[in-house]
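Read through the structures below before going on.
Consider the two complexes below, in which chain A is the common component and chain B and chain C are the respective partners.
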Partner chain A sequence: MSSKVQPDHVKLVIDGQDVSVEPGRTLLDAATAAGIRIPTLCHLDGLPEAAACRMCVVDVDGRWLPACATEAVDGMHVVTKTPEIETHRRTVVELLFAEGNHVCAFCVSNGHCELQDLACEVGLHSVRVPYSFRRDRIDASHPGFLVDRDRCVLCGRCVRVCAEVEGAHTWAFANRGTDARVITDLWETWDDAESCTSCGKCVESCPTGAIVCKGVSNAEMVKDAELPGELVARRNRG
Partner chain B sequence: MSREIHIEPVTRIEGHAKITVFLDDAGDVKDAQFHVTELRGFERFCQGRTLWEMPGLTARICGICPVSHILASAKACDALLAVNVPETAVMLRRLMNLGQFVQSHALSFFYLSAPDFLLGWDTEPAVRNVVGLVQKDPELARKGIRLRAYGQEIINRLGGKKIHPAWAVPGGVNQPLSVEDRDWILDGLPEAKETTLATIKLFRESFDPAAREVLSTFNSMYMGLVSEDGLWEHYDGRLRIVDPCGDRVLDDVHPHTYPEMIHEASEPWTYLKFPHYAPMGYPGGMYRVGPLGRVHVCDRFGTPEADRELEIFRETSSRCSGRVFDYHYTRLLEILASIERIERLLADDRILSTRIRADAGVNQLEGVGVHEAPRGTLIHHYWVDEDGIIEKANYIVSTGHNNLGMNRAVQEIAKTFIQKGEITEGILNRIEGGIRAYDPCLSCSVHAVGQMPLVVDVVGSDGELVERMTQE
Partner chain C sequence: MDKVRVATVWLSGCAGCHMSILDVDEALIDLAERIEFANSPLTDLKVFPESGVDVTLIEGAVANEEHLEIVETARKRSKIVISLGDCAVTANVPSLRNGIDPDEMIAEIYGPEATTNGKLPYEVVPKLLDRVRPVHEVIHVDFFLHGCPPPAGVIAKAIFALLDGQTPELVGEDLKFG
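Presenting the complex of A and B:
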């Protein structure tokens, strides 16, 4: 991948800038290679794309498409930022805040949270819709980790890293809509989820304070979200 | 015609409250009540959270004394983990609590209370505040502001933030003290001590014992922590309760057994409960905590300058005097004691150790954390499940312990100054001053903050508004 024009590369225009990438790459790859920032949440290097969060939507010749899951095609004209798209992204983050209990002040991930960073990036000052004030019970049954589903944004990174990188398939989705939750082994408590290898990749992949290590206090939970990507890259190198 | 006077809200305190004065047909005071009008509900919404979040979560009870809640919470969590906290962590927690004593007491004295007695109880409310104090005595105000800033900076240097530092954690603290920060604190000590000594001298010479009766006198028991050898204590130690003249009612009691001694009564006219000494019932079991309580229960401070000043205080104020105004005096004495304790802690190189945290899982399902907040004894009590999730929490905060005492002070001051229905703004301020002396933190006690215009309603027995006084 390169932003330099090469004969076999796909050529497109992003925010007025000529960009070329290897065939098969996504718009997100192309923008990143060209140094253009597109905010993401459910995307994580090393994992298959889910296009679940819709933070990375961009305007492609008049259509809004998720940059993480749209292949770059010759001749595309892409705009990553318009007032409408900015409003859309801010609304996505706003609704995530309203849906969960994201109280940064005492969260273990305060200062190290992708949702918090996104809220700052998109300029979310307040939430206009009523909070749902969910009250899911924290599952702290695992000796090393815990899951607070009230802080989950349903990005599915835990589900994908567990299935595609670790191969354990412990994490999955249950229910739909506002009742949707990430669960362990058909909703066993985590400690009883026999498929879990306690590898901790779900902890490192989770963008918020939903899946964390036990024993950490406020603002102490620092994650290594680059881990899945590094593991996959090493495997690919053989 | 009997009347009611409402002072609402009470100003220059931390939180929202109102005072009602009930007058009889002759216009004399029949009764007075101090109402706390806010409800926070921390005990309820901590349920379901993890024990590891509790210090940071309960710190949010208050922006004035977050350190107090962080430390009490961390101590309760230490008990849940059943760990021995490393000695350096204990020293550092003590250091932060002493910084908190300096900043909180300086705030209470210089910002909130000194305008009353240095500018005068009857001064125009528009100038009876810290700005007025700056105009009248800029040097004193400057020193007071610097003293508070010093205490705040100790907290900042240790915890990375002046307010709500999430630094004390279950099992210890999460950052050691650097040599640079220790030296900064040491460099500030001489000025802090000089300011405190000068303010004590000014205070002592400005108010003879008779003048110190302005905010009423009445007897009560006093409660506080003391060290094993009876010295003033703020972090660990044993509970001691003394009677109005200093004789021990209870001594050498492990604070974890507080439920056997302290019960809480409720009244329909206030959200703040009334803790009392259970064997003597309610309201007969009234005791007071905070600076006056600690100074009365301890044998001495255990540091030279503070003990010298304590002797002078005790020469002019026996433990039996029960003067509410002495809260201000003892608050200054405690700043001095805190500064000397900080000096002593920093002289010990063990405070620089990086062994500051003990790790463990849940080993006890019930834990109590008790220490002395600037306003008095603070109790956090948690029950958890096997996974460390909070099932129940109970807080008894300093201002709660003093609720009976504050109500009594309001009644006494109202009875002394209101006669034949004659009420002036200065009298109302004295009544408020009786509350302010305790430096109540209502945000903590019911788990609110602000300074609002004062509205006083005089209501006739038929419920009609007879008179309204407002103070911006």
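Presenting the complex of A and C:
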């Protein structure tokens, strides 16, 4: 995308590097094509953008905008990393750890978790605010999967993959702020959620140990987060 | 050169972090030349010295009243305090009981046999705090070593950096929880 400058392409500068992309692409696309890493959490290839987590915030001509949901425009000057942005990203991860109950040591997703990896990437040394230590009930009513909402980061990838790729609309958000939760069928237990097709796309899309397969032990839950993107690409090919 | 005096304390944790200190293997020989233990469950020195401690490594979360005293003493009497492992850094596994009333929990677990004259035996067993806390919620902590347990290499890296008078550079995988 960035190797050949084509006349109809959008030209912009990212971290001092000239980048050109097809019109209509996001700053995240442009940076990725140029080999520049921007950390993300709620973004997943194949799903519409939610810009919910604010991990991918970048400086665009002095304004902070989410790279995943900002269209690359001719002449933009983008900086993906400043000390302030790094502090912001670290704070986002820190607050996610404080708000949920992300205890890596006994999590099925230990070692295969995007939140755990982000903590390393942003340099999270300690969580400076008190942990909530919240205790939601785990819904293990479904025969194959379970949801532990204490490990949810509200990225909404389950909600979007269920609606946009599977077309089932089983997952949705309930409540607001720290009470916000992902729910199945208006908060039926999962087994009673009749819209669920048990396709498992929510499991593969979930970045943490919140939505997982049953029967896996500590650190055994390996997911395929590329699945939605591959399905959508295959469909688009026809 | 005077040896650096290192203390280690063990709060609510499984001792795995202390095992990980021993897992630095041959680096123990270098360490033995440069440090001496002031107070540590690895030794028979059970009382925290009045002064002269350079570095204290704290394993475990703060779960009872005795732990509160220990960390406050450690902070007052040490130049540098390090949270060693996820229980100290996040409260980790011991925090599973947070949200449950400690008295009800003990009554549930140990039953009537655990009581003395109808009371729980807090004269000999330190009283549990309402909730388990990471060490840095109670005292100032200078460095955090993540992991359950922290990899021996990370412990060695941090200690050798401090011995060389440098700030430990812990980045990327060195900061992995779990």
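Here is the rule we go by: the second predicted complex is superposed on the first by the 235 of 238 C-alpha atoms of A that agree within 3 Å, B and C clash if a C-alpha of one lies under 4 Å from a C-alpha of the other, contacts with A are read in each partner's own complex, and residues count from 1 in each chain.
In this text, contacts are C-beta pairs under 8 Å (C-beta built on N, C-alpha and C of every residue); 3 or more make two chains touch, one makes a residue touch a chain.
Since we're looking at a predicted model, the values are computed, not measured.
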Greater chain A contact set [chain C / chain B]: C
Which superposed partner A:T170 touches (first chain B, second chain C, both, neither): neither
Partner chain(s) touched by A:F106 [first = chain B, second = chain C, both, neither]: both
Partner chain in contact with A:P130 - chain B first, chain C second, else both or neither: second
Partner chain in contact with A:T26 - chain B first, chain C second, else both or neither: neither
First, second, both or neither for A:E121, with chain B first and chain C second: second
Partner chain in contact with A:T208 - chain B first, chain C second, else both or neither: neither
First (chain B), second (chain C), both or neither touched by A:E220: first
Which superposed partner A:I138 touches (first chain B, second chain C, both, neither): first
Partner chain(s) touched by A:L146 [first = chain B, second = chain C, both, neither]: first
Overlapping contact positions on chain A, where the chain C interface meets the chain B interface: 105-107, 110, 135, 219
Parts of chain C lying in touch with chain A, wherever the complex brings them together: 83, 86, 89-93, 95-96, 98-99, 131, 134, 136-137, 141, 143-144, 148, 170-178
Footprint of chain B on chain A - complex, ascending: 105-108, 110, 135, 137-138, 140-141, 143, 146, 214-220
Touch list for chain B against partner chain A, complex: 48-50, 52-53, 55-57, 59-60, 164, 166, 169-170, 174, 359, 361, 387-389
Complex interface listing, chain A residues touching chain C: 97, 102-107, 110-111, 116, 119-121, 123-128, 130-131, 133-135, 219
